[in-house]
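The chains carry the letters A, B, C and D, assigned in the order they are written, with residues numbered from 1 in each.
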Amino acid sequence: MADELIKPDELLSQIDHRPSGAGWMDTPVDIRKGMYCYASNPKSVETLGLPNARPWNPLEDDWKLPENWQQIVHDGFRERLDKFRSFKVFMDICVRCGACADKCHFFIGTGDPKNMPVLRAELLRSVYRNDFTTAGKILGRLGGARPMTLDVLKEWWYYLFQCTECRRCSVFCPYGIDTAEITIMGREILNLLGLNIDWIATPVANCYRTGNHLGIQPHAFKDMLDFFVDDIEEVTGVRVQPAYMEKGADILFITPSGDVFADPGTYTCMGYMLLFHYLKEKYGLKITWSTYASEGGNFGFFTSHETMKRLNSKMYAEARRLGVKWILGGECGHMWRVISQYMDTMNGPADFLEEPVNPITGTKFENAKSTKMVHIAEFTADLIKHGKLDLDPSRNDNKIITFHDSCNPSRGMGMLDEPRYVIQNVANHFYEMPANTIREQTFCCGSGAGLNAGENMELRMAGGFPRANAVKYVHETFGVNMLACVCAIDRAALPASMGYWVPEVEVTGLHELVANALIMPGEKERETDLRGEPLPGMEE
Amino acid sequence: MKDKKKILAGLVIFFAAITFPFWFNMGKAAPAPELVLTAKAKAAKTCVMPTAFMKAEHMQLLDVWRHNVVRNGERAFVNAEGKLYTMSLSNTCLDCHSNKAEFCDRCHNYASVRPYCWDCHLDNPKGE
Amino acid sequence: MSSAQSLAAKKQEILKSWFQTTVDSYPAETARFLKNQKDPFANPVGQTTYQSLDALVDALTTDAGPEVMAKALDPILRIRAVQSFTPSKATSFVFSLKQILRRHLPGIDPGSGVDMNDLDRQIDEMAMAAFDVYVACREKIFELKANESRNQFFGSLKRAGLMVETEADGPGF
Amino acid sequence: MNKNYMVSLIAVIVLFLIAYVGTQQGAGLQLVFGIIVPYLAVSLFVVGFARRVMGWSRSAVPFRITTTCGQQSSMPWIKQAKIDNPSSTLGVIVRMFLEIVCFRSLFRNTRMKLNGGTRLTYQLELFLWIGALAFHYAFFAVVVRHLRFFTEPVPFFVTLTEQVDGFMRMEVLYDAVQAGLPGVYMSGLVLLAAALYLFLRRVFIPQVRTISLAADFFPLFLIMGIALSGIFMRYFAKVDIVAIKALTMGLVTFRPTIPEGVSGLFFAHLFLVSILLAYFPFSKLMHLGGVFLSPTRNMTGNTRQVRHVNPWNYPVKVHTYDEYEDDFREKMIEAGLPVVKMPEEQA
């Protein structure tokens, strides 16, 4: 009796989800709404001069591929094997030990086995074996090889755009196999067929033309900062005067345009402006903005190495044109991966700039000797260390803060302690999240690498869950109500993620906290923070 | 690329290591050892068990002997042919094979075996 | 023994079986990970699911009512609402409890003191609460989608001074 | 039933039988399995390995993409993680050493437990790390030990390894299990156990089962087959060691001979080893060489400090400032942004 009652329901759930032990190669890809981003707009693809611009829809059977698409993929694959040892070695040496399997936030959050990093790589590896190895050619399926078919291509597209290139798996891999590297190559190959997503292609096209990924024109960029000037005056009584493309300035400042256009990054942007004004008033340091190089974030990185280089070139070009001494970079994630690991190689040597020295403290930034670009967290930490900033950390007392290490600054650069040092000097309440969710083991926000679109919200929420879960823990344990980060995508993505998983926690950039604590020369008594929220003790 | 040179050097070192046996023995013949049988052993023609068995299993036989003597106090060993022997390394084995260096050691050294028989037993009980 | 007592006595077995069934709605590779990995940070889905189910069994034992149930249901459904489940699949774990109770509780005969009808009624309440929570989560998702595009669109226009500012925050919001 | 491991298992059994049967009285293929195949296998190994590694070396390393697993080198008062985020060659060497010798990245698996509410405890999830270490070190010890068959006189480090490996005196168990003589080497047993563990992982952990290919099972079965036949020869079906050494010494001194009295079991063992050697360069086993070449591990993390050169760097089409100003000049002027050329100069 009881047994009869059990069966139908349990069987049902098993039939649906367990296709009789079929291997992953036999599990067809199911392109699901909410998990993918819209196809690239042909205009954007055209602007960049990338191949095969056309309208297409991932949900339709016909992706309007060029006649010889298989040949294009094959040739593209071969070219990249020769150009990148990383790619070739990573194709060859994986032993499929499974150490990475449960380290991916997308696997943890979505439960989709093809989101295990090793399997994501196997999507490409299976084709590699078929096309480029003797064993694969002889053994076929038995040797884990399969020919490139339309279904395989769709699987590539679907899963390569479910990877945020955060490199967490690579930390745990005994051979350092970096799924980001594999995803980057895979996306480059897809781009040869015009298969990008719009959230990447259009920002890249905008960035190329206008200098920022939203396509905001120069005058509007300035209007935006002017608007912040008013806001800042309202809060502090100080009228800051940002400089634009000032020839002969000491330092060129470049930050992701997200800081200029999207809350809560805008408060971080006000933070930069306050800090720069403070340094100008007190120490005469001249820092200039540029509307030409107004985008730090480099969505080209999510398209191809070439596109990355094309967008990145503006930084050095503008620094050279303005004749500054060195470049200061704002809070951004993949912008810093590009600066740290690609920029100097791609567009250097930056021999027209000086080796960066903080003129106020005299500190030589030895670690940025060649790129000549310093992270603002390093810069501010140095200022604080030398006691050059007047700070009142108690103004941040109503914020109980935790710090989210952004993937790229932690695993592609190693900037871990500088932002922490800054937070601990501008605020009094700071708590770390559990050790296997921070520093080099940090969990991605779930929206990096161009996946911060609206249409894939389910994917973003699922991928952001491991991070949110750790935030929830410190929220419940220590009453944390503010999640600090040094990444514009974090500032854009985490509010939604927090809104869904831990609604009581807000998101802030590092320099918003700095500016709240910074005592400006000639300021009025502040009653609110930059967001217009009452300061502690000022609540009515 | 200097990188390529480094890789080549690494490869050479690796191959040098794995081909160690080839160059270590270079120019050496190293034939299998010849065993010397004493006159007494030759005269006996056969050991306590057939030669093939003794070649492969003597250590096991000796261990059984030891066990029976030490634990059970038995000293009599009757082989398949019904012949009686005293279970004793010193008195039976070494009686015929009194030339340990030319009989036991040659093979043991060749195969890199270190039997601990001689930790306790004198290798030349008769003091010859 | 009353229903509540029987339930409390068998709680661990019921919970184990329910967790098993619920987690089995994921692919095998995932199910094993969800079951075995006890680290709440490495495996937030499995651990949250477990805690939710645990709270739900407690709610059933104490006849706590729909509000407590909704609170306990929230974490698990919040997860299932963004994973690849249809609405019916996402909430089906509630119904599986009926069969699990029948398997684990000492008989349904009148003498046992277990009032299966009452438990069924509570599970039905739980199911209805689950629908509410699920739909609320989905609404939240769409609200987030809508908000993001609205903020980008209007925010940019407003900041760029292309929109007239009114006292309120603009038309409709 | 999983096709991947069944096929691999059957393949290994068939290979074993081919060599075993082929060297029985009558078949007389001793020459093939004792001399030709081993020489062929070694040549394939050497040539294949070299070709694979040189193939990797031909691909460029355009960017320095180190995975930084710790604090960067920054200002002097911030403590750098000199090994996990090395900025010097020495740091890289230490990092690679720990990676290769201690499998450091696998060791990184930490797990947390919430104890009754909010208190956290940490524990290490070590099974895979221990299994992998045991497997590789046992394998290494076995290889070193086997040098006693390939050297005359036997060098000290081989005898030393043997002594350490055989320190457990198992013959006390002789009465009970009729095994344990000659002296038991731990490495053989550990190798077998570890290979079995690695196999069972692949069968019973669904995540790992999904990702496993026939190419993952085959070498495991092969190694298990080698270990089993070796153990069997040593402890159960005793073989004529002196004859075997005569054969192996013949191989390494290039005076190959097939002495009398070498059993078929040995030829089967030798054949499986030959297969492993020949298979090695064409498989994932090349991780032995590849681990040294992984660009995320073998480079310094100081990319901002020292410029890395991309050998195939090429100029790309960029949007220059002049083009930009041409696009937006009017608007820039209107907004009070500085421009290089005023509009009237344009004409």
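The rule is simple: a residue touches a chain if its C-beta (ideal position, glycine included) is under 8 Å from a C-beta of that chain, and two chains touch if they have at least 3 such contacts.
On a predicted model such as this, the values are computed, not experimentally measured, just so you know.
**Student:** Return the chain whose centre of C-alpha atoms lies at maximal distance from the corresponding centre of subunit D.
**Tutor:** C
**Student:** Calculate how many whole Å lie between the centre of subunit A and the centre of subunit D, each centre taken as the average of the chain's C-alpha atoms.
**Tutor:** From the centre of subunit A to the centre of subunit D is 33 Å.
**Student:** Please report how many Å separate the Cα centroid of subunit C from that of subunit D, as a whole number.
**Tutor:** That gives a centre separation of 45 Å.
**Student:** Just give me the whole-number Å value for how far the CA centre of subunit A lies from that of subunit B.
**Tutor:** Taking the average C-alpha coordinate of subunit A and of subunit B, the gap between them is 68 Å.
**Student:** Taking the mean of the C-alpha atoms as each chain's centre, how many Å separate subunit B from subunit D?
**Tutor:** 36
**Student:** Which positions in subunit C are in touch with at least two other chains?
**Tutor:** Touching at least two other chains: 28-30, 33, 37, 39-42.
**Student:** Listing for subunit A: what residues touch at least two other chains?
**Tutor:** Residues 21, 101-102, 113, 116, 223, 434, 436, 473 of subunit A each touch two or more of the other chains.
**Student:** Classify the inter-chain contact topology: is it line, ring, star, complete, or other?
**Tutor:** Shape = other; not a path, cycle, star or full graph.
**Student:** Hey, which chains are touching each other here?
**Tutor:** A-C, A-D, B-D, C-D
**Student:** Please output the residues of subunit D touching subunit C within their complex, sorted ascending.
**Tutor:** It is residues 111-114, 205-207, 209-210 of subunit D that touch subunit C.
**Student:** Would you pull the subunit C residues touching subunit A in the complex into a rising list?
**Tutor:** 21, 24-30, 33-34, 37, 39-45, 48, 78-79, 82-84, 89, 92, 95-96, 98-100, 102-103, 137, 140-141, 144-145, 147-149, 151-152, 155-156, 159-161
**Student:** Which positions of subunit D touch subunit B when the two form their complex?
**Tutor:** Contacts found on subunit D: 46, 49-50, 53-54, 56-58, 60-61, 147-148, 150-155, 158-159, 162-163, 171, 174-175, 181-182, 238-243, 245-246, 249, 252-253, 255, 259, 261, 289, 292-293, 311.
**Student:** Can you list the residues on subunit D that touch subunit A in the complex?
**Tutor:** Residue positions touching the partner: 2, 4, 7, 52, 55-75, 77-79, 81, 84-85, 87, 99, 103, 105-106, 108-112, 118, 120, 122, 128, 132, 201, 205, 207-208, 210-216, 282-284, 286-287, 290-291, 293-297, 301-310, 312-313, 316-321, 324-325, 327-328, 331-332, 334-338.
**Student:** Which part of subunit C faces subunit D closely enough to touch in the complex?
**Tutor:** Residues in contact with subunit D: 28-33, 37-42.
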